[in-house]
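Two complexes come next, and they have one chain in common, subunit A, joined by subunit B in the first and subunit C in the second.
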Partner chain A sequence: MINLAIKDIIHSFGKFLLTGVGLGLLVGITLIMAGVYRGMVDDGKVLLDNSRANLWVVQKETLGPYAESSTIPDDLYRSIGVVRGVKDVANVTYLTMQLQKDGKDVRAMVAGISSGEITQAGWPPYLIAGRHVAKGHYEAVADIATGFKIGDKIKIRRNHYEVVGLTHRHVSSSGDPIVYIPLKDAKEAQFLKDNEAILMDRRRVEANPVFKNSAVSAGVSSLLVENRAVNAILVNVEDGFNAQEIANEIRKWKSLTVYDKSEMEEILIGKLIATSAKQISMFLVILAVVSATIVAFIIYTLTMEKAREIAVLKLLGTRNRTIAWMILQQSLILGLIGFMIGKISAYFMADFFPKYVLLTNLDTFLLFLGVMTISIFSSLISINLALKIDPAEAIG
Partner chain B sequence: MSGGIKIQELKKQFGEGDRAVLALKNVNMEVSPGEVVGLIGPSGSGKSTLLKCLGAVMEPTSGKMSINGEIIYDNKWLIKDLGALRRDKIGFIFQAPYLIPFLNAIDNVALLPMLAGKGKDYSRKIALNLLKELDVHHRAHALPSALSGGEQQRVAIARGLINRPPIILADEPTAPLDSQRALTVIKILNDMAKELKIAIIVVTHDEKIIPTFKRIYHIRDGITYEEKGEGKKIII
Partner chain C sequence: MKKLFLNFKLFIAIFSIIIIFLYVVIKSGPFSLSEITTTRVELKSIDRELFGIGSVATKHFYKIGPTFSGKIMDLYKDVGDFVTTNESIAKMDPIDLNEKIIAQKAAILEAAALLEKAKKEANFANEQFERYEKLFKANAVSDEEFSYKKNDLVLSLASLKSAQEYLNRNKSELDVLSVQKKYLELKAPASGYIVSRKAEIGENVTSSDIIFEIIDPNDLWIDARFDQATTKELVRDLKAEVLLRSKKNSPITGQVYRVEPLADLITEELLAKITFDTTATVPPIGEIAEVKVFLPKTKEELTVPSASIRKFNEKVGLWRVDGDEIEFIEVKILDSNLDGMVQVFGEIKQGDEIVVYSKKEITPQSKIKIVKELGGFKK
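Moving on, here comes the complex of A and B:
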């Protein structure tokens, strides 16, 4: 039997191709949207993976340090470090800020890492070029996405940092690339006030009658400029110990909140990007409806154009199922063309998006099923129309 | 008569009660295998309705129809699959060729045996033979849009004949053709009717071809009248 659908498609190939391209771009955007969501999830996961921590100790009743601000004393790590089963602990600060690169703004997350071993929590687990931060001050390891190269100088607040190493895919949960600098510098960048503010604070203290004693006044002024806080303490657990049990232990005797990795994932993915995920879901639903409408409209138009031919086919004794199969095949082929163009366009478009777009095989497969399902449902209206065409119309 | 088509007291009524219109009041026709008869009548006489009833795309109200001796309608359809009836027993040739635009000439013809379950190669082979007989085989692989009006009509005739149906209903088959081509088409139909023992009913207004029919049925106000005699000029 001749494949009527294929013959018709070859006959009106230009129309099918153009429609396929239009549908394909929609499919491509759908795939990109899904990729943006997957990218956000992946950003969250790589942030946690790259921190190399099993537990995050943060300010009590906060979702810090990534989803909410958290401030805890910087000497607490000593007490936590002696808890049984704790392998190592590290203070860490995170500060998202605008950096300047060749006169352009680069949004980045500045992470303060405490001095110690490079295997310690908080340190970047691997570099793609250069070396780790070795000095206590003014060195930085930057993610390649910042655009900085080894030897470049990064200005953070009032200090300049030399880039000594580069990372890849070290990003915050918002997808901003991370710049690692020594903890002391990072604390200064985050908590240290500018000179004018410090002078004003000192004057306020001196003028306050409560601090009549000049020694007390000097002490209070000194406290105002001291940086005794960090955002979180990263904890690594020794092999054979249960991270949750250690977390419970820390929770028991310290007025702190402790999250393990799964809880932190839940915060980043379940809470931080939940609204974005809903937004993307809404877009996906709209795109699915638009795609379905386009396929339905095109197949309906193509069927209407063939009303006379369908009447003739029916008059000549063509079975209804043959006609229905022809329309369904055309719809499926249109969906397939759209899917293939969409997949190819998404592959090439993904790199042009400022945010990380992660195209997964699962999403591609689900989208393929979705497009085919939409194609099937979209063809039903046309099939219904074709089956209602009276063969007598061919006679006139 | 055992072969051909026989129609007895066929009636078709549209609507009910006060709004009832009797489009076919009393149609009686008999066409033998190998015979080509004309069916002529003015507009609104019931030609199209009769053609639709004969073509099994409209159910008559009452009467009797048989094809090759088999009763297909006796106050109701006696055949369940009317599509199969049309495919296997009735050939259609239209005023316009109504070829499938996305199929080439040979596939337009071969489609019918394929629909009847015949193989693609076999169907194309017999389609090509028929196109040869109609002298249009050199255009076998051309799409309808590339064929001339006469070539399209020959392909349409080949499509009507391909399944060797016992009857062919031709609705104004020569209307778009000039005199020469119109007479050629009628000659082809006559030759095919004799060669393949097919009963052919040609609905026409075309005065050029009316004198070629040995028998003519007139239809007026839903009633048929038979007239015999080759070469008789009839003015409706």
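Moving on, here comes the complex of A and C:
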């Protein structure tokens, strides 16, 4: 009986294919929407993975350093480093800013990495070109999404940084590409004011009658431009030690807040993108309803068009089951074409989105099930209609 | 059925959709490959450098001010002028110093006259004593009279001594005033440039105030700072290269003059002084400079690019490629340089193929595809 459905499809092939393409684009957008959400989750995850830390030590009672600002003294790492079970500690700073690239703005997150071993927490775990930062100053490793190339100069505040290495998919939780620079420079960049502001501060201090001694006022002026703070301390735990126990130790004795990786994921995914996730799921629901309506509508039209033929079939004594199966088959084929075109269009469209779109196999499979379910339910109206057709219509 | 195969249009459309669909599934599904680039492990020595930043400073900062409080009468030089050793650069107002000298000279004459008088009196007392001594021996005068004359002699000799010292004191006081007059002229203690002028003509200054600051251009050095974490083997006499912030493309050669015994605890840096081989031009004091210190070459060791050093299961190492298979080899980092080369020690040998770049973290399960270079996709 399969040829009944296929024959009908061949009969109105152009229309059927166009509807399939239309439905496919809709399915593609649904897949992209899911991909956008997965991309946002992945942005958060790669940020945590790339920092290669087991624990994040931040300012007390803040959700820092990614979801909230956190400031801690830069020499605190020494006392964290001596906690039993702590393998490595590294200071880190994060600063989101606009960088200039050929006269255009590039939004990027500037990460300050502490000097030392290449494999230290905070350093980019892999590169796609160039080398790691080797000098303690004025060198940068940039993500390729910034558009910078090896040898380019990036101006951050008043200093120029030479791009010596490139990374791929090193982004902040909001998807901004990361530029790694040495920590000492990053600390300076974070609080460095423009020269006019520095001069004005100096004059204010000099004019302050409290500082009669010029040596004292010079000292106070230099303190004003000095930054001795970082945003977080990344901690690696020794093998065989429980990260939570070490975290408790630090919380208890150092008056700091500590997060492990799962808590950090909860902050980045559960809190930061919670609203965006709801927004996207609303879109997904609307898209599902629209897709279902379109499939139902087209199958309904196709069925209506061949009401007379169905009546003839009935007159010839064809069983209801056969007719229902034919309509269901058509609906499923339409769904299948829609799914395939959807998958293809999503794959090629994803590259054009400014932010990361992650198309997962799980989503594709779920969508396949979804499309098929929608196709089955959408065909029910038409099946109902077909079964009600009076065989007498064939003659009348 | 025959009609179905005859429907060429349908067949092409469905077939192409299926082909593209399969392509997409293979590219994006679990069959996708990790693109990597590779290189060979080399056995060689590497050039090593230390990198630091610092600012232009000077060994000696000559600060010139008056030796006593007074008013500035004249300033002969200004900022930027070159002065030679012992050249006059300023003059203090003598006020009443010349008059004091005239008075002092008169006081010396007075003291000389008093000395003359005392000498005469002493001579007379001596003659009287000798005469009475003879008379006393001849029992012509009493013992009492002889004692008086003896006492007169002692007193007149004391007066003579006093007058002599009075004259000396007045002469010395004249010397003091002359020295003070000499120091009215402020002279350059060394050849060099005047870098600041802190007082003006007519201004009253005290003996602790500074009027001019002079630096010797041959005395310039870089007050350099090196990160403690990356600084090793920093010793004196190593060759160095200085890049001034204003002249980024013209490095100046120099050497490590001194490594400071006191390091900076707060900034976690080592401090060192770098001197220039030549000082043809004088950079402004305080200008920021980048310093590169050249360390001796390392021994020949297995050398790999820094990008190939990875972390896997909390271990440091690199990925060795063997056909389609990859294997993580734990290594110890021995040394590294500013060009991004790293010397390592581990279970690898010269000529081994290792992973350098990849677009994601590699695991032993990664299916690899070796490419020449990784493309710049946006994602």
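In this text, the second predicted complex is superposed on the first by the 370 of 396 C-alpha atoms of A that agree within 3 Å, B and C clash if a C-alpha of one lies under 4 Å from a C-alpha of the other, contacts with A are read in each partner's own complex, and residues count from 1 in each chain.
To be clear about the criterion, a contact is a pair of C-beta atoms (placed from the backbone, for glycine too) under 8 Å apart; a residue touches a chain by one contact, two chains touch by 3 or more.
Please read all numbers here as calculations on a predicted model, not as lab measurements.
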| item | value |
| --- | --- |
| Partner, of subunit C and subunit B, that touches more residues belonging to subunit A | C |
| First, second, both or neither for A:Y356, with subunit B first and subunit C second | second |
| Partner chain(s) touched by A:K45 [first = subunit B, second = subunit C, both, neither] | neither |
| First (subunit B), second (subunit C), both or neither touched by A:K15 | neither |
| Partner chain in contact with A:T322 - subunit B first, subunit C second, else both or neither | first |
| Contacts of A:A392 with subunit B and subunit C, given as first, second, both or neither | first |
| Touching partner for A:E309 - first (subunit B), second (subunit C), both, neither | first |
| Residues of subunit A contacting subunit B in one complex and subunit C in the other | 7, 10 |
| Contacting residues of subunit A [partner subunit B, same complex] | 1-2, 4, 7-8, 10-12, 308-309, 312-320, 322, 390-392, 394-396 |
| Residues of subunit B that touch subunit A when the two form their complex | 48, 51-52, 55, 57-58, 83-88, 92, 94-95, 98, 100-103, 107, 110-112, 114-116, 120, 143, 159, 171 |
| Of subunit A, residues touching subunit C in the complex | 3, 6-7, 9-10, 13, 17, 49, 52, 75, 87, 114-119, 125-132, 134-138, 144-145, 164-166, 168-169, 184, 228, 236, 239, 337, 340-341, 343-344, 347, 350-351, 356-357, 359, 361 |
| Subunit C residues touching subunit A - in the complex, by the definition given at the top | 1, 3-4, 7, 9-10, 13, 17-18, 20-21, 24-25, 27-30, 51-53, 226-227, 229-230, 266-267, 290, 305-307, 309-311, 314, 316, 333, 336-340, 342, 356-362, 373-374, 376-379 |
